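Shared chain: subunit A. Partners: subunit B in the first complex, subunit C in the second.
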Partner chain A sequence: MDRVIAVVIGVVLALGLSAIVFIGINKLFDLSEKRFAIFNAVIGGVSGFVVFALLWGNQMIVSPEIVTLMATLIGAATGFALGLVKTRSGRLAVGVAGGLTLGLVAGSATRSIAWPSIDPVAVVVGVALGAGFGALHWVITRRRHSARVLILAWLSVGWLFGAWLAADLDGSKAEVVFVAAVLGLLVGAWIGSVPYPDRLTRASIATGSRKYIFLAPAMFFIAATLLVPLGRTIWLGFLTGTPTKLEFSGLENYVSIFTDSGIIDVSDWTSIFTGRLFWSAVLLVVVGVGLGRWLGRSGGTGLGTGFSLSAGTGMLIGVGVILGGFAFFTVIRGTIPNNLWWIFSVTVFSVGLGLAIAVLADRSKGENAAKSLIFLPLAISFVGASIIWRGPMYTARPPSQDQTGVFNAIWVQVGEWSTSDTSSLVISLGLLVIVAFAGYIGLRGWQSGNNAILAGSVAINLALVWLVYRFLGPGIGGVIPDPITGEPIPDPVIFLTSNPWNNFWMMLVFIWIQTGFAMVIFSAAIKAVPDDLLEAARIDGATESQTFWKVTVPQIFPTIGVVATTLIVTVLKVFDIPKVMTNGNFDTQVLANEMWQRAFTELNFGLGSALAVVIFLGVLPIMYLNIRRMQRERLG
Partner chain B sequence: MTALSPNVRRPLGDRIYKFLRSIPTWILWILVIMWTIPTTGLFINSLRTRDAQRSSAFWMAWQDNANGQQFPTLENYQAVLGAEATGGLTNGLINSAAIAIVATIIPIAIAAFAAYAFAWIDFKGREWWFIGTVALLAVPTQTSLIPLLQAYSRGVHVTIPIIDKTLTLIPDAGLAGTIPAVWLTHTGFALPFAIFLLHNYIAGLPKDIFESAYIDGADHFKIFYKLVIPLSFPVLAAFAIFQFLWTWNDYLIALTMIGGNRDALPATVVVASLAGEFGLREHLLTAGAFVITIVPLIVFFALQRFFVRGVTAGSVKG
Partner chain C sequence: MKLQKHWFIAVLSVLALVASACATDEGGEATTTTEGTTATTADAGTDTTEGSTDTTVDEMDLTGTEVTVFGSESSDEEAGAMQDALNVFAEANGMTITFTGARDFSDQINAQAAGGNPPDIAIIPQPGKVADFAREGFILPLPDDVIAVLEENWDPAFTVFGNVDGVQYGVNNKADIKSLVWYSPTAFADGGYALPESWDELKTLTNTMIADGNIPWCVGIESGGATGWPFTDWVEDLLLRYEGVDVYAQWWQHEIPFNDDRVKTVWNEVLGVWDTPGAVFASEGSIAATPFGANGEPLANGDCFMHRQASFFSAFLPEGTVTGPDGISVFYFPPGPTGARPVLGGGTLPVAFRDAPEVWAVMKYYASSEYANNRQIAQQARKGGELSGFLSAAKNQDMNNYLPLEQVMIGFMLEAETLSFDGSDLMPAAVGAGTFWTEGTSAVNGDSTVDDATQAIEDSWP
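Moving on, here comes the complex of A and B:
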């Protein structure tokens, strides 16, 4: 209960303070036109507070609470007076008095660790540079501002650097009081030289500052949490050593990343040609392209391109490309190839499935219910999803027990069917009936001139015939003969440890989540395709599949690009799923987890930063594309 | 033979055509069932005893009572929410709520102001500032983690070149390991998307109302809270839900910024560390995962319309 109260108080405080600060600043600038003195007093007080808080934070002043309070009050009083006094000499006197007082307070409160020993050369250089910069500033801004104000402002900075910051800190108390008093004098003279603003200027302070007030919090947070850390991470990437003792070492981190065989390992690339995957992929692509060309030439859906891209040929070529990709990524191993494999699988499957579901749902009853159930995983955390899949989906139990994971239960059951003569015969017969039926439909489709149906039936039948072959011939599923008795015993797959495919089983979790995202966006895009376009295509005699491929797909093509790039950015930094499911063991490492382990378990900030930079380089092309797209949309 | 007529004339062809037309609906619902199995399985298993979970799959739960195992049972939930057993999932839920509420409201407020400025206050280079801000959407979290953690644990110090002295800008505030560190991090990371989303909507509000309000003497701040906030309610809700789910579900930022401070860890990190044990308490994971999932699910089903709007915004023109 204490915890709840503490948390509630913290939440209320955070929200309340943010609101007060923000509304307060807006209200404050409203005052500048009509109550200039109060406005000035607040600005003066805040300035005094900020400067002394900085000294306080650097542990440079004694009894910091009282001194900072004094500085705040002196600043407020000076500001208030400057908001009332309008004569030139009066303002200068007020400014100098206030500045000098503040300088004396600062000087006498400074602790001995910050007492400068005045170095005349540095002072001269600092003052000369300050005066020079002031004159330069005046010229550059085309004499819009008063020369005296600019030169005094820059002189203050020059004095601060020359007399204090550049000096050795082993001086005397007299020196620090002198330096601080002169600094206060210069700043006071600078502020006091600013003429009293007329009513119009005061009003424009209120309106002109509004954009800064509105944008400042956002820009501050973006700079503080994104831009500055990005720059620092790039810098840290060139350093090596422990967190407290980092030294510049050039590209050493990058060299060690790209020479580490755990990160990229191509040594086994020739075995791609001995794997079945690669040749299946080649076969499928060849059949798909051949069928498409043949159907395209024999008229029908080709529409003069000489190639018939339909659901059937598209499926053949698509499956071929996917298998080819998998053949590649199961041979080229390591962290970076894993990341590329993630990008490949998740993008292809989520875009493909999302598009398919959006299309299927578009013409069905219960569209909204179906869509929200597909969409639901997007609301679940990656941690929750990892546990869901590791538990009820992927669990493997010892062969002697019942399988409690969905995948293994199915896999072992299929295996048992394929080893029993009767059930494998029954299943094969059942499959052959479907083959015959699909073939018949394909034939009818061909006769009636719809080649897409033919191609679809060929694609489905290829898969079915392969299944029949496996059932009758070499067998399929999670069963192996017992080494002693020869009896078939269950052989469950240990999904998360058997590499390289364990990578894909983790990607499946991500696909399960992100398909809903792709679907919702495609669904919106499909509904945005103008009805008259579809109507015109139908009147011209286009079939459903032609309308889809030739009208709908080109219309939603830009959306496919947007979804794909969004997915790539998300997948590139995938962390939670590998972390929770395997923690990068069993050859499932990805860049984000590698980065986290190097940086936060081994405390190797240099290497961790270099890995973060590698991830950043991966999103750079997409950032470029996004900027170009927005440029086109907004700047014309 | 004409292309379209045979199906109409022949009864068999007609039936085949109808069958083909019905295929998509079938496939769709098969996919929907496949998509629902994992969550259903988790929910059912979370209501079963440890032995039942280990000995049979979730679809055999209807036999549990016959096998002497109680089903449904809340014992996993009692164990996982009980204080000592799990490293404080109840505590974690409180922390998750604290993180998500603040890390939702503050970015909305900041982004709404910025979006209004980008949409309705004219200043030099506005388009480029806006494009630059939104381009940062793609910057990965990873490039910020190390410097931010350093800043939270050691403060911010600048070494001035040439004179080689180190100046402390922000002293060590001891933020590392606390919830405010997570608030600050989430706030920064949320802003590019929030500004993008809110700007799209606020820029589309009718120009007349601003002009008439301006003529009536209202300033930008007044226009903002009297007109823009009420009119932008749908998009504010959309982003709020999106951001709430994002921060509730976040694992990486909380794990990095809070790290070893068990008292401040949110529920996702607590459950994930439970998952890392692979031990005796694995049966509690189902209940733990369901507990951290139920809040997003309630939000999702209650406010789905807004959530979908938040997800689709900006991706589809028109």
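Moving on, here comes the complex of A and C:
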């Protein structure tokens, strides 16, 4: 109860304070027209305070309380004076005096960890660049502002970088005082060079500032939580060394990322073409395309290209492409290809399954129940799901023990059936009954001219006949003969350590969760397809599969794009599942976990940040496409 | 107006003078403080001893102070007993000490230390990390009075683990012995097996057991983010037995390459035993997939005969397991070809991040024998009077708090010819908590050869 009261009081106080600050700022800018000196004093004081509070917070200064108070007072005094003095030389003198004082305070209060050792080359480069930028700024803003102001402003920045930020921090006290004093001098001269604003300008300060006051809180949070960390991460990506001894080393981190054989390993690429997967993929695609052409020509239902994209041919080509992808990704290994495999599998399966379920369940009995069940895993966190799948689903036990994992229990049981004569016979008979039934359905479909049903029943029967062959012949399932006795003993699949397929077992968890998401979105999109379009197609004699492929799919195509890009972005960042299930061991590393391990396990912030930037660059084009499409849709 | 301006500049100049004068003084102070915290113990030490010339803690007023402690021990028994033991001290001094344990302590403490919001005290299991943190300037050297308490209670063989380049940063509060093989004396007697006296005898025993249709070993190296460490322990224990402490020290200090032939021989020895068909019972199907803690039950059930694991393994024995001659016991991991009897040990090292009297008081308590006594009593109570899993080698602790089997283990440590710390914990984190684990795991899992794995570790040495 005490805690609740404390929280309530805290919230009320915070809200009250925010309101007061907000009103105060608005009131402050009301002053700028009539009481410019006071306005200036407050601005100067706040600026001094903010700069020194930042130094204080970063533990850069000694006796921070006194020094910050002093900086606030000096800033306020300088601001007040600048609000009164109107002559050019007077303003310059005030600015220089105030800036120099602040610089001396800052220089002498800086802790020894930030004492720069002046590097003449860097100073010259910094100053030259500063002056150059100032001149450039003056030219590109069409000389609207005073050249002196702009050049002094950029010179301050150039000096700060050249003399302080770029220098090694092992200099002397004299150096830091000098550098800070010159910096103060430059900044003071810059501020002092700004002419005293006339009444009109002062009034425009008061009115023009309002939009920024209202935007400020939001901008502040975006900058503090997003832009500053982003900038810092990019900067850290160019550094190497331990956390307190980071040094600039250019692209070294990126070079080491892209030359590390753990991150990209293509050494084995020739075995893509010796694997069964690849040739199965080629076969399926060739058969699919051939069948499509044949159906398109004979049925005359093609797109006029002599090619019929139906459920049957689409599935053949689709499965072919998936197998081809797997053939590629099981051979080309490393963190980045593995991440791409994740993107490929999860996107293809989640979109494909989600779409199939949405279509098949649409307007059928029990649609809501089926969809709810499939949607349910989305409510489980990735970590929770990983634990569920690692434990009850994928567990393997030694041959002498009962299998307690769901998949291994089934797999080993199937193996035991296939090694026993009676049960394998019974199962084979059962399967043959199903084969006969499916064959009958296929025959009916053929007679009624529905080639899709024929193709489906043939595909199912091929798989079933293969199963019967395995049961009666060489056997199937998780059983091997004992090396000594020859007796069949259980041979469970150790899902999480046998690579490269352990990666796919982990992707399955992601697919299990995300299919529900894809399905719900697709289902809504399908229901939004106008009925009159579908009716018109049917009246024109289109079959169900033609209606689907040629009316529904084009209508929901933008939705497919949105779901696919969302999935790609989510998968690119995948972290929880590999972290919990294998922690990147057994050749299952992904970029996000690699980043975590480099940055936080090994405290190699440079390399970790560079990996973060790689992920960011990977997400960027997809985000760009998404935003572009959103804008187009808003306009259209 | 003119007059006003001059007045203003005059005031500013005075302000500036005052400011730089003050700031110079403060700058001077700062310099000494920084030196005191990063380079020598002299300054900081003098200050603290002046404040507490009476070493008895009760004389110091710690009432109302708070100390936070963060460590890797996270099970109910270990973390709970740690908090119990700390509460004894906290209540006596009217202060609050909060212990937090996390399984991924290793990653979290890195982020906290580098991010500037560390706990007051962290209990680090790796001397290598203590050294890293000391060199980064994250942690504070111990003041003289804490060192005095430490030296009073711990042998130099242990205190050296918390010493970085001659400066003491860590105190000892716990000692694990790793050169142990857990077994069941009755099962050995039933099978007619004798305790092996050498590594060769151990290998012969392994083959005898397989021939008898028994499974000799339980092995599992899965441990979440730290998967692979039990393998590194085997390698280290055997390297000590094959090549002795000097080569061992050269190895972890990287004076000889990681993939030296002598090291590879040891890898092959370990993998040779593990890969022998029928030699290993892995309760999750494969060694790499089996959590190291999941070997307690099969050992107690008799699914396997031996399990090489550190003293803290007792925490993983199923509840109600009888220990001692009639239940589960331990024997010393036997000597290798040289015949030397080294001991591989481990332990945790509290280090301080904040310079405050209450923090140093808790650090002294950690080093003391009172802590060892309180922790052992609390942990034993939480384990229902069985093996607690906690061991200390503090000199003045009350040995009566330990069960006979625990006294045997402490005896192994105290009587050891040489005591070496776990080498992977001494290596830089990128290797010792990185590639040694991951590459070791892939060699165990058959994804990589010994040559490739050790070469990859050598390449990753920072």
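The rule we apply is simple: the second predicted complex is superposed on the first by the 410 of 636 C-alpha atoms of A that agree within 3 Å, B and C clash if a C-alpha of one lies under 4 Å from a C-alpha of the other, contacts with A are read in each partner's own complex, and residues count from 1 in each chain.
One rule holds in what follows: contacts are C-beta pairs under 8 Å (C-beta built on N, C-alpha and C of every residue); 3 or more make two chains touch, one makes a residue touch a chain.
Fair warning: this is a prediction, and the values are worked out from it, not measured in the lab.
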item	value
Touching partner for A:494 - first (subunit B), second (subunit C), both, neither	second
First (subunit B), second (subunit C), both or neither touched by A:256	neither
When both partners are placed on the shared chain, which of subunit B and subunit C touches more of subunit A	B
Touched partner set for A:600, first subunit B, second subunit C, both or neither	both
Subunit B versus subunit C as contact partner of A:420, first or second or both or neither	neither
Partner chain in contact with A:583 - subunit B first, subunit C second, else both or neither	both
On subunit A, positions contacted by subunit B and by subunit C	243, 397, 401, 579, 583, 596, 600, 605
Footprint of subunit A on subunit C - complex, ascending	1, 4-5, 8-9, 11-13, 15-16, 19-20, 22-24, 26-27, 29-31, 34, 106-108, 110-111, 114, 116, 132, 135-138, 215, 224-225, 227-228, 277, 281-286, 288-289, 303, 429-430, 433-434, 438, 441-442, 445, 447, 456
Interface residues, subunit A side, partner subunit C - complex	59, 62-63, 66-67, 70, 73-74, 77-78, 81, 84-85, 90, 93-94, 97-98, 100-101, 104-105, 108-113, 173, 177, 242-245, 262, 395-398, 400-401, 483, 492, 494, 496-497, 499, 579, 582-587, 596-597, 600-605
